């Protein structure tokens, strides 16, 4: 492709972010403009997209660019970017969540310019991770996401925000340095010509013996903590509970996806040998995460905490689908990542609004919300039903195919996630029964339904949820235009 | 023969170094510390002189170099002592004591 | 002819019309207050889909054997060497064949009359847009299930149906009992659904491996004109058995078969109209429809059949027994629904899919009728307690007549609809006893249930409509007949209840029950006999069942007729028996315990582990680092001599490392 | 070569000397105003910088080169034992030292105009810088050690130059005693090496000939060499503050005047590292003759042993530094400990002893010059604004001083190795080098990375205090600069740099400018390090080939 769309998009995002920081009171408008431009650019990217396919065994990328950044003999680093179906859907997710977050937190009064700037910065980092095709730039963006999120949680967060922010920062940073060691070792042990994806990909077969397995473990630890996988998940509930609503939206919607994306792009694509060796570990962890996340959600009183644990459950299914190493599984995993991004964002928005309206997120202490705040209740119902995999909503095709792929690979093991589906349904339905239905209780005097802008934000997400739930092929069509479509490589 | 005796001499200067370190570790009086340091420097200087006197068979060997180093070191030692004394005076003026153990406000 | 066939390609409009109603009502909401808050819209669209549905059904009668299916590829991925060899696709498609045509008639008809009835019945309620919107959505989903041409689509709409039922049961969500009932219904059916899903996976994988093109073309029930059944039998029978059991679990969840039956009586918390449409005529029948599909297209092994027969046969008497003592008019009818569904399941299990379908069809009519009549009664006297009603026949003649018709049909008195279908079931199963002696106990249960059925339904009739006018002073004085929008539906259904069984003697209609004639797609392997299956019936059998029914009615009259209330059990065992039945054999309690105590306490325990063991470890790290740091700060004493001492220590350490440790390490590591 | 050319070779050093003398002269003449002496110093340093750049052959100024390129990175004629030798890596380090001096000198110009001892301060800075320059070109052990002394003695005095402050006097005392002790040790070690080799020329030492044929000619185990190098390690470790030779540093950085701390941590500390390059790379690379060690271990050659020792020192240093920094209450002590742990990272480069590792270490030095002196200068600025010495006193500074806080946050993030900062690039290159070396050096990288992850904790704690905690009522701060929303904006932005016009409210133009420069450099080189990294890598390559 001649037009360097990706660099243009990156540039526009950077400009927008900086402008937002400097914009003062009018920051929200700048942020909105940036998000709209971003969406348009994404649209153009989709419009002109066609997958170049494999070139002598190495997956190629659309809109790819390469410019030398550092080249000192032993260390060759290029600014290499490009997209394929895998990244495209996640970029779309980024765009949607960015504008939704900006709209949702439109009324932010505390340092608006910093707030919107950090929101844009987070999305910028995620976009970078999705397009970077070089170890350094991948890691650079990967880390760059932490800093704004640290400030978002720590400055706009809840009562215990300081602890949560630092815990999030350090915990995920430790994971990413382990990942970095893995990536660098991958490059240097295989004597790759440069740190580019393609050269590392081409050099990987040179790795001998148990090295690939160890490298994969290192990478998997890095990605897994982002997922998050049990038992390395405890940063997530704290971060979510303390984070402001917008922060939770980005955290659950985007940051968790980085792990999945990394695992696909830099894990199983690049180190298939290591992956095959470690596959059993992945299965075990996936099953544990699925069960643990769901069971724990059942016992939570705090709405946000409940949704956070349900994210662990869903990302467990994603991990399972990825670990299956089948085409259907990967499609399902990517679809489910997209779906979970949208749905969990919606749920966190409703949770945030619940907190704004009822001054608490403690499920048992609220009741009959449906009769006083019908719009919020509707959004929450749609979110919950989508999350528990109701047909015609976005999660269903993903979970259906994921579990089908699981049956194909693991036969009766599929019963574990299936049974857990009941538990998942259980805690959502129970939550709705306690929070939305029944006689009203714990309703403050001055109760107001969600404001129109929040309705717009949630409306966008709901629209996406229904659209791709009814016509999933719209998304699958793009996902399979990637190595996934010709899996296994 | 030479190597044997040189071992003896090196042993002597090592002993001097030991004395000086012992002094530095045990004395609390700044002046005594300065003296200990001087002893240490002298140990090094002596070493250079021995080695200048006993060729080691290396074809780079040049006895004069050792001796000149010794002379330079003597000057260096003098400079250090001068600076040390300056610090002693200032410290004495500020705290009225030259006991290094008492100057321990900066800690942990 | 061609016109009739070409109608099939418009079948997708049938579910689409109510969907339109859902969208419009959902969008406009309260702005439709002129139109009974969208009620009339819903009626209009359901009428439209009824007309279209009837036309298509007629087309199926006149032009059998050919059908068009319209499909949209919903989810497709290219071939891959690990997964599906020819690729994989999921489709949405409509397949009109005799059985779906029959279901079309049932669903659209009952749907329409219930919509109409609601106009009158729900008039006083609030939140009507929600009601009509979701009811329309339900119609869409139900019709989707009916017209589905592949398992995925079937499951998709099947789930949607469940959710609509969830919202409609919880329509009065402010009532805790309603909210709880809705939750229970959703979760219990969910249990069945996930097992059903597992079954689907097995069929998918099984058939896809046997014929990859099938996966590529979207897992159709029928391939061209041949079902996949023979192919299914080709594969590993154990797998097939397990899949069948999973399918049965799904059906049991939806059709409230034992042991997943507890939710249906509680579902009566919803409006009576909902009970009539969803929990009597259509949704609960979907489970039976699934079993029919399964036995026709996917194939059950004999083990599966036995399991199905057992579940069905046992459920008939299990539910009927509970129906005998309950005092809530709707609950009694609900239990009878469960029991009747047991009959259908029994028939399908014994291999008589069409017979089961026949009963489904008649039952839909008279059970909906019974509910509507009951609704009209409740509408009038504003209570559901039988022991507070009485003598309503004089005040509400239409209702009484309608209820009576339904009661006769239910208890299987000729020539009412119920007689033919139930008799077919009994005789068909009887015909199998020779080859399958293991069916005997369940056959006997079903036979006994005939008596119970007649008894409990007439108990209701006598308590409600006969006897002294007012048992509860000031209750039934102002009871009056319902408005026409409620009477018309009742009359229509009453008519159907009477003639439904006779219709099958009309040849074109009968073709709907004889798929073998109409579409070669249907396997002839299984013993499929077309109702009314008189060739099988020996007249004594019919006589016996009728006799049992009459006996039941007489007993009911003897105990409850003329307003006798003498029959409250006196003896201790009887009272104990009654209590057990009222407590539904304590199954409900057990379920509540499992959910509320069992699972939840496990969850609490794991929450503890999560907070204090897993996260505790993390915090432990933090603390230990802090502690080490605090302790190590002490070495910074501030005394310079100590610093000098550190230097010397360091020097010694360096010596030790250089002279001993490092060489050793190097010799171990073999060079740097 | 004639005296003139020799002097020409040392043009920058001579400039510094002249500058120092001029400062003292001006002081003697009574022109005590800080503007005068300060500008003299700054101009001198800039000129010196200019000439060093010229010698390095950077495009625009290359024609000024005093040293013909032919003299750089070439092997000395056989048998010759030069006292000094020009290597491009050495010249790079000279630029680093000059930059450190420049930052401190510039920032100090916004101290009170009539402050006593300004001339002393600047003169000593220039003299110390002179010494550092000499370290960078030494090729003889004694030359090196004396150059280090030329740095040390002014530093002792710098710490104490205010002469009124008890704390700084105590710091000077500790600095002096430990420093003198390590001087003794280094010279003692040097004498052993002289004994073993008969010369102190580093080229000869690097050849490891004495090891080859045993100390004192006899063959067998070269005890003199091993002991000598061990003593030298102990002596030089004092400079780069390796644990356990670090204890003085914390107290000194804490007690010294802020600007001096900046100079010590950002500048003089680094000469130790270059000294390590000069002294230990040789044996690491060339002492490959294997022989039996005590206890019959071996045969093992000396190089790997040295590598193991240095690796152990590196890991211990970085870990102890980080752990001790975790719970520090005082800002300056926290920074001191963090600079100790940074020394550990740099030592990795020497321990590995490959060109990549050397590149990484050098880049780390460069980054550290800016990050650490920058951080200390911000501390100085904050002190000037009435912020107390404790971390807790910085509460809510992010709202009162958005731009200053942003710059400080940027420096801390760079120290923590967060992306888009030069700290990230340097760590990335260094640890890549460690992994590229493979073997057990990978574990050095792991240790280093885990340590930097640990360090995130205390940097994050400071950020938390600055931004998340509500402002303390206590310190009466002048009206927050840039109260306008536009300025208050970028408080949290990691990629925002202060700019001149906001040097209001007692910050001082010079200081603000310095901090701005630091921040800009950190970001720019963080985004595009190529121009620096390319020649640096080449220089490291040459240096290794030279085998010093």
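Should a chain be cited, it is by its letter among A, B, C and D, assigned in written order, with residues numbered from 1 in that chain.
Note that a residue touches a chain if its C-beta (ideal position, glycine included) is under 8 Å from a C-beta of that chain, and two chains touch if they have at least 3 such contacts.
If you're wondering where the values come from, they're calculated on a predicted model, not measured in any experiment.
Student: Central chain, going by Cα centroids?
Tutor: Nearest to the common C-alpha centre lies chain A.
Student: Please report how many Å separate the Cα centroid of subunit C from that of subunit D, as a whole number.
Tutor: 77
Student: Need the CA-centroid distance for the pair subunit A / subunit D, whole Å please.
Tutor: Each chain reduced to its C-alpha mean, subunit A and subunit D end up 42 Å apart.
Student: Measuring centre to centre with CA averages, how many angstrom lie between subunit A and subunit B?
Tutor: 65
Student: State, to the nearest whole Å, the distance from the C-alpha centre of subunit A to the C-alpha centre of subunit C.
Tutor: 36
Student: Considering subunit D alone, which of its residues make contact with at least two other chains?
Tutor: 173-174, 177, 181, 185, 250-251, 454, 457
Student: What parts of subunit B, by residue number, touch at least two of the other chains?
Tutor: Residues 21, 24, 100, 103-107 of subunit B touch two or more partner chains.
Student: Among the chains present, which pairs are found to touch?
Tutor: Chain pairs that touch: A-C, A-D, B-C, B-D, C-D.
Student: Subunit D touches which residues of subunit C in the complex?
Tutor: 625-626, 628-630, 632-633, 635-636, 638, 640, 642-644, 646-647, 649-651, 653-655, 657-667, 669, 671-672
Student: In the complex formed with subunit D, which residues of subunit A make contact?
Tutor: Interface residues on subunit A, with respect to subunit D: 18, 21-25, 27, 68-75, 111, 113-114, 117-118, 121, 136, 139-141, 143-144, 146-148, 150-151, 154-155, 161-162, 165-166, 169-170, 173-174, 177-178, 180-181, 184-185, 188-189.
Student: Could you list, by residue number, the parts of subunit C that touch subunit B in their complex?
Tutor: Answer in residue numbers: 633-634, 636-641, 644-645, 648.
Student: Would you pull the subunit B residues touching subunit D in the complex into a rising list?
Tutor: So the residues of subunit B in touch with subunit D come to 3, 6, 10, 13, 17, 20-21, 24, 30, 33, 37, 40-41, 43-44, 47-48, 50-51, 54-62, 65-66, 69, 72-73, 76, 79-80, 83-84, 86-87, 90-91, 94-95, 100, 103-107.
Student: Help me check something: in the complex, which residues belonging to subunit D touch subunit C?
Tutor: Going by the criterion above, the answer is residues 173-174, 177-178, 181-182, 185, 226-227, 229-231, 233-234, 237-238, 242-245, 247-248, 250-251, 293-295, 297-298, 300-301, 303-309, 312, 320, 323-328, 439-441, 454, 457.
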